[in-house]
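Next up, some structures in structure tokens.
Two complexes, one shared chain (subunit A), two partners (subunit B, subunit C).
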Partner chain A sequence: MTVAYHTDVSPEAILAGMPSAERPCKIGPGRIPCAHTTPGELLDMLRQLRDEHGFTHLELLTAEEMQTASDDDGVGAEPGVRMVYGLTRRSDRRTMVIYVALPDGALEVPSISSLWRGAAPLEREVFDLFGVHFNGHPALTRIVLRDDFVGHPLRKSFEMPEGGVSAETVRAAAASHGDAHLRADGTADPASIPGLDPALLPCPEPGFETERIVVHMGPQHPSTHGVLHLWLVLDGETVVAAQPTQGYLHRCIEKLAESRDYRACTALLDRCDYVSGFHTELAHVLAVEELCGIESTPKADFLRVLFSELVRITSHHTWFAAAGLDTGALTPFLYAFIDRELILDFFEEVTGGRMMFNYFRPGGVKDDLPPGAAARMVEYLRTFDRAVDEYEALLTGNEIFRARTRGVAFLDRVTIADYCVTGPMARASGVDIDLRRDQPYAAYDRLPVRVALGEAGDTFERYLVRIAEMRESARLALAALEGLPEGPHVSDGVPRTIKPPKGAAYRAVESPRGELGVYLVSDGSAQPWRLKVRSPAMSNIHAAGPLCAGLRLADVAPVVGSIDIVMGEIDR
Partner chain B sequence: MNGLLRIAVGVVAVVVVVMLNTVFVMWLERKFLGHLQSRRGPMRTGYHGLLQPFADALKMLGKEDLVPAAADRALFLVAPLIAFSPAVLIHVAMPWTEWFAKTASEIGLLMLFAVAALSPVGVVVAGWASHNKYSLIGGIRAAAQQVSYEVPLLLSVVGVVMLARSMRLTDVVGAQGVAWNIVWQPLGFLIFFIGMLAELNRVPFDLPEAESELVSGFNTEYSSMRFALFFLAEYMNVFTWSLVGALVFLGGWMGPVLPGVVWLALKTYALVLLIIWVRGTVPRVRVDQLLAVSWKVLLPASLLGAMITAVGVVFGPIVLVPLQFAGVLTLGWVIARLGNDAGEAARAVVRL
Partner chain C sequence: MVVDEETRALVAPLQKLLDWARGHSMWPLTFGTACCAIEMMTVGSARYDTDRFGIFFRNSPRQADCMIVAGTINLKMAPRLKLLYDQMAAPKYVIAMGSCAVAGGPFAAGYNVVNGVDAIVPVDIYLTGCPPRPEALIHALLTLMERNAAGEPSAAELHAAEVRRAAQEATW
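And then the complex of A and B:
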């Protein structure tokens, strides 16, 4: 796979020159170039874009219900679903969108998991929520809903059964769901694990009776960071294969958003990535502003940067705490959480919430800083480096910690592109991407953004990159506070009810876990037609399979910890 | 009759004192660990939470004693007892002062190790009988770990025996009149301390119950008093091995002014605090690293220590002490290199 392809040809020109790209257009006010294609030509077209034009990053893979009334970008009038593929070229950060319209009755499209292995879980999500079948998919099963769920809830025609789901149904489903993976003697049947190569399972050495065992790690496990579930195939202490499964924290956030107005969606999105709520809020608010043509004020831009960076620190605090626990050290957890509390106090003072903020609004932010808050934050941030020095004194130089993390779980650039990995995980392997610098939003273009970049790509390097990011975030937050302009914190003239014109927008921000995007489709009403959150952790966690294979059982927790997942954001 | 009464009183006295110390070690661990982590530890039950272990024991008694349906019932029920008995039994050989040496056995030191070697059996049986993969892995780890570490642990006191020319514990303490064995045997003490941590399943060698990997390891399926027995045995062993360390390396009850028992308690609790301090500081090693450290580093080092001591016994302390300290430095260097050579990739400092 080519990794970076430098080219001067613009995406518009590429699409215009492709015979399989029909109806080239621009979506939304952001004018993202887009084109339509047919299911038959999709695979070749994406391969060509990836290999010949350098669009190596699959940024978005989702679907939306077709809007039946024809609109300006030429959406077909037939009821059905259209697939949305967002591709990004790393060299100049240009994005393009490929649509595939699928009328009802022919909801079939080839799977692109042969091009990007990371597409497989995303396609399972579309299958789950829209009922689109992906031909050639390795294991097309539901991913966030129960296996026996009837219907596809993001279709507009979906109706909940009368009275909801009864307790009996749930119990019956739980019983059947559990049994699906069990053999008659009550032991786990590895052959039923979706996406796992059954060839791995037989006993490898003839004449020597050993048995590989299958361990369910999670969803109830002290170190799976929430409700992650991993199938582990173990040969003694060695992990032969690992397969993450998800869906235990699915709260229908994207479905609920379709019945909320645009402002109320912010509150929902706080709960999406509950460790760094400001980032999901911000991506949504930016997308709404783009759709409606609302400008935020300079002061609000700086406040958005300030809180994005502060929440990045608290998110990395949580990660650091877990990094200690995962390797068996207790004390880092408490060190980090004591300091995290101090920042949460600032959040509470300004927004009223410690984790669920609902603070960013289209056009600005909810409230200005209360008197004295800025001075207290400056005081805290000035001494922040000392706190990080303490963390480092606990782990960075510790022989045992180094022995546990150095040289463990190398992540190479091919796997990064294959699984669409972003964020600190990619940067630790030397992939120089950071939206704050490459595609500045809020006030990042007016602030000195420095990107922490590693090289080795092992667990220890991911640790170092995040430690460096904590220091950088404190520096950026300080710069945002010191450069805070005077003026209103919210712009005038934002309508009471936000009704964006028809269209779509995609805005991504650099969350602590990677590129977090919100794809927003408006049908002109006060509620979004479709709100899709591109979850960086979801892409990252599926790289855990190749990362963990061949390691020891004891390495699994630190490696999964170094991916830094938040299940709320993965399952949504 | 008089003899029997004396034995009965002695046994009760020993068990009571050991249990009280165990309970105190439990409280001390929570308290000291709390303060290491900028918190207070138990505060509510009794003065600064002193009664917390008793409250915990009451709570444990009130819990349901669950036996998993698929478990090997007989083994499952008996495993905590197998783990607990040696922890008490070991005190038979333990002298507290010159005049309170319960059995002044010729081979007291050897008996300590022999009895201690029984305790992993309980853990392995518990892991096997639980019919739980985490427990099984925990039990197997315990077996591998304790078998590996008993060898250097035993060899680390060979030098002490050479110097005392006796395995009787009272003689071992008595031979430390001029200076404690930690001065004559620093290498032996270091190996003993590392081996002791492994023998006790304490951080950084708490692999049999590694929380982040095995949920709770061999005792995952245990509840109520059966869990409490494992728990008690663990802390009783912490106390026991600190006591052994104090006797063998820190001069036992030797010391000026204060009575011998007080000196012994002070030295024992110094070691207990050291063990807790280590827990508050370092992460856990991986199973392959654990075994590599034992067989490739500690075993040769303990043999070397014994050889140095043999030379020292012939040529006198002028030779012994420098050689032993050189051994300590080498061992420290080797262990430090283990951590830094694990990853061979060329590493640039994180660029900003």
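And then the complex of A and C:
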């Protein structure tokens, strides 16, 4: 089915023509059109935007505390929360934001999980951190915090524990699992697991002596790539249903950012997606620059591309190592980590850190390249293809690897749209999206970006796409080095204390996992009012449910590996 | 290792051998949760190659001598950490890798982060850094092995002795 959307109608015009869209405005310095609506009109409005105007991608679903003191963007003066929905039209990559203001005492809004299934976990997160109720949500329970946690920490009224969590609280927490889906003896209570259909549990064939069992996989499991937890309903070896849960690495990053100044936030964000810190930094720095109207220098733009691409390679190295380990091959890990170290040496030389860089700053980057570094990087990158050839010699033609991955876990376009999947996951299924080309930032508009695209959408295709991306990244990094302009690496006149004017900005970058965005709200002070990271891996991992259903248990690890998650970014 | 008098008499001839063995082989459990886990993986890779020291990572607590807590532990993870620690066979050791495991790291002020895993499990080695370099982790492991070779007690044993003494004092 193809629908012809009128892409020539701008989002501004669409919002102006919608009776349910009140107070159309723009956030950021005039970039993103937005409007307010009421809880009652929300569902219809979003459905109309999705089906009639082509805003099919739910880019952002979050909330922010209402700024009661501010009135200049017409934000209500009543204390409460406002919901933020960001929708994107793929055809021309225009984004719009819909706000729903909810005063305290009426923190209720209809769930939009009937429009996008991927909205369900995002709504659970808002419920958990803000206490907003979503009517009609299939399973509204906490998702990041323990079920016995008291309070909703992203509310400004939440009292932070003095000096952090006390040792007594920790000991008490360690003594009980605090999970409403576990019985006291630690076994699962399947009927209560959010998102799992209890109807799946009884075995369908009476008289046949098998029993469906519920298995925890994770949070501490060698092949879940971090502290991911999966509920698996098994019928023998076959996975009947899979439901990811998260929260084992929730580190309060978004709350802590509200008491850091804008520059110090980058240090926290490095630890958010710790396998490719530059991307989280970059999204934040771009949002700050947009809020303050700061321009970075041409040289800094190229350096940003250079390091974004190099870190994408190291991130894919980690994924490649895991792809081998998941299918029983150790050698890919050894090979990939040799090259990863070589690139980390460059990072260390330039930024001082192997993983935590704190290198991108509003207005540019912290330091210029040290003498000789550019030449050495060029020399290394010129031979990079040979390294990838070696990786491919290990796995691409490997009989076992192909048997384990080809034709396994197809991801179709409907699921991709439904779960808001982005990045290599989507590209391996032929969805041609890549922010580096579609919405260029830094110096990507001045460089030849080629998008690695797949078609089949199985685990093997996701492997091939990431392999191709490694080659492309090396090529782009090389192009950035060769085109590196002269001039300063940071622009003059960036104030010592950054105090952006009141307003909001949303900027997204193409991280190794997909569209990673930072939604930043300023109340005019030196600390962000709200900093929200749009986590691509969080949207992607919740597609694991449909992906894993019907597979054999042994295939779950390679399939979850092919989603390439980083829990730090999922839980934040 | 510390044992009571009776056992000491029995195993005395073997004790030296045991200490020697524990000084030359250390199988850590991979308890990686966050960024530090990436650096923990790195020590097993070609450049750092911990195999040459007799250090092999195990995925099962039943086979492991020591637990490397690599990364932030939050309130939701805390019971799982305790569970896995309890599943390890004695003698067992804990390395708190990274500022988070040592004291909460950059998230110490947060509402959900364990400020130091020593509130839950006895820690033998505190290794600071955010993340510590792979060389630092190797140093931590080697230090632990040296201590074992010298027959020093583990934190778990010291902790147990402390508990025993307190219980005894309470009965006096």
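By definition in this document, the second predicted complex is superposed on the first by the 537 of 572 C-alpha atoms of A that agree within 3 Å, B and C clash if a C-alpha of one lies under 4 Å from a C-alpha of the other, contacts with A are read in each partner's own complex, and residues count from 1 in each chain.
Quick note on the criterion: a residue touches a chain if its C-beta (ideal position, glycine included) is under 8 Å from a C-beta of that chain, and two chains touch if they have at least 3 such contacts.
Only a predicted model underlies this, so the values are computations on that prediction, with no experimental measurement involved.
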Touched partner set for A:Ala13, first subunit B, second subunit C, both or neither: neither
Which of subunit B and subunit C A:Arg406 touches, first, second, both or neither: first
Touched partner set for A:Ala139, first subunit B, second subunit C, both or neither: neither
Partner chain in contact with A:Leu334 - subunit B first, subunit C second, else both or neither: both
Subunit B versus subunit C as contact partner of A:Val465, first or second or both or neither: first
Partner chain in contact with A:Gly568 - subunit B first, subunit C second, else both or neither: second
On subunit A, positions contacted by subunit B and by subunit C: 222, 334, 338
In the complex with subunit A, residue positions of subunit B that touch it: 33, 36-39, 70, 133-134, 137, 203-204, 206-207, 210-215, 279-289, 335-336, 338-340, 342-348, 350-352
Touching residues on subunit A, where the partner in the complex is subunit B: 186, 213, 215, 221-223, 237, 324-331, 334-335, 338, 394-395, 398-404, 406-408, 410, 450-456, 458, 460-461, 464-465, 467-468, 472, 552-558
Contact set on subunit C toward subunit A in their complex: 30-35, 37-39, 41-42, 45-47, 59, 71-72, 74-82, 84, 104, 106-116, 119-120, 130-131, 133
Footprint of subunit C on subunit A - complex, ascending: 145-146, 149, 153, 158, 160-161, 163-165, 167, 169-171, 173-179, 219-220, 222, 226-227, 247-253, 255-256, 259, 267-268, 271, 274-275, 318, 321, 333-334, 337-338, 340-341, 354-356, 567-568
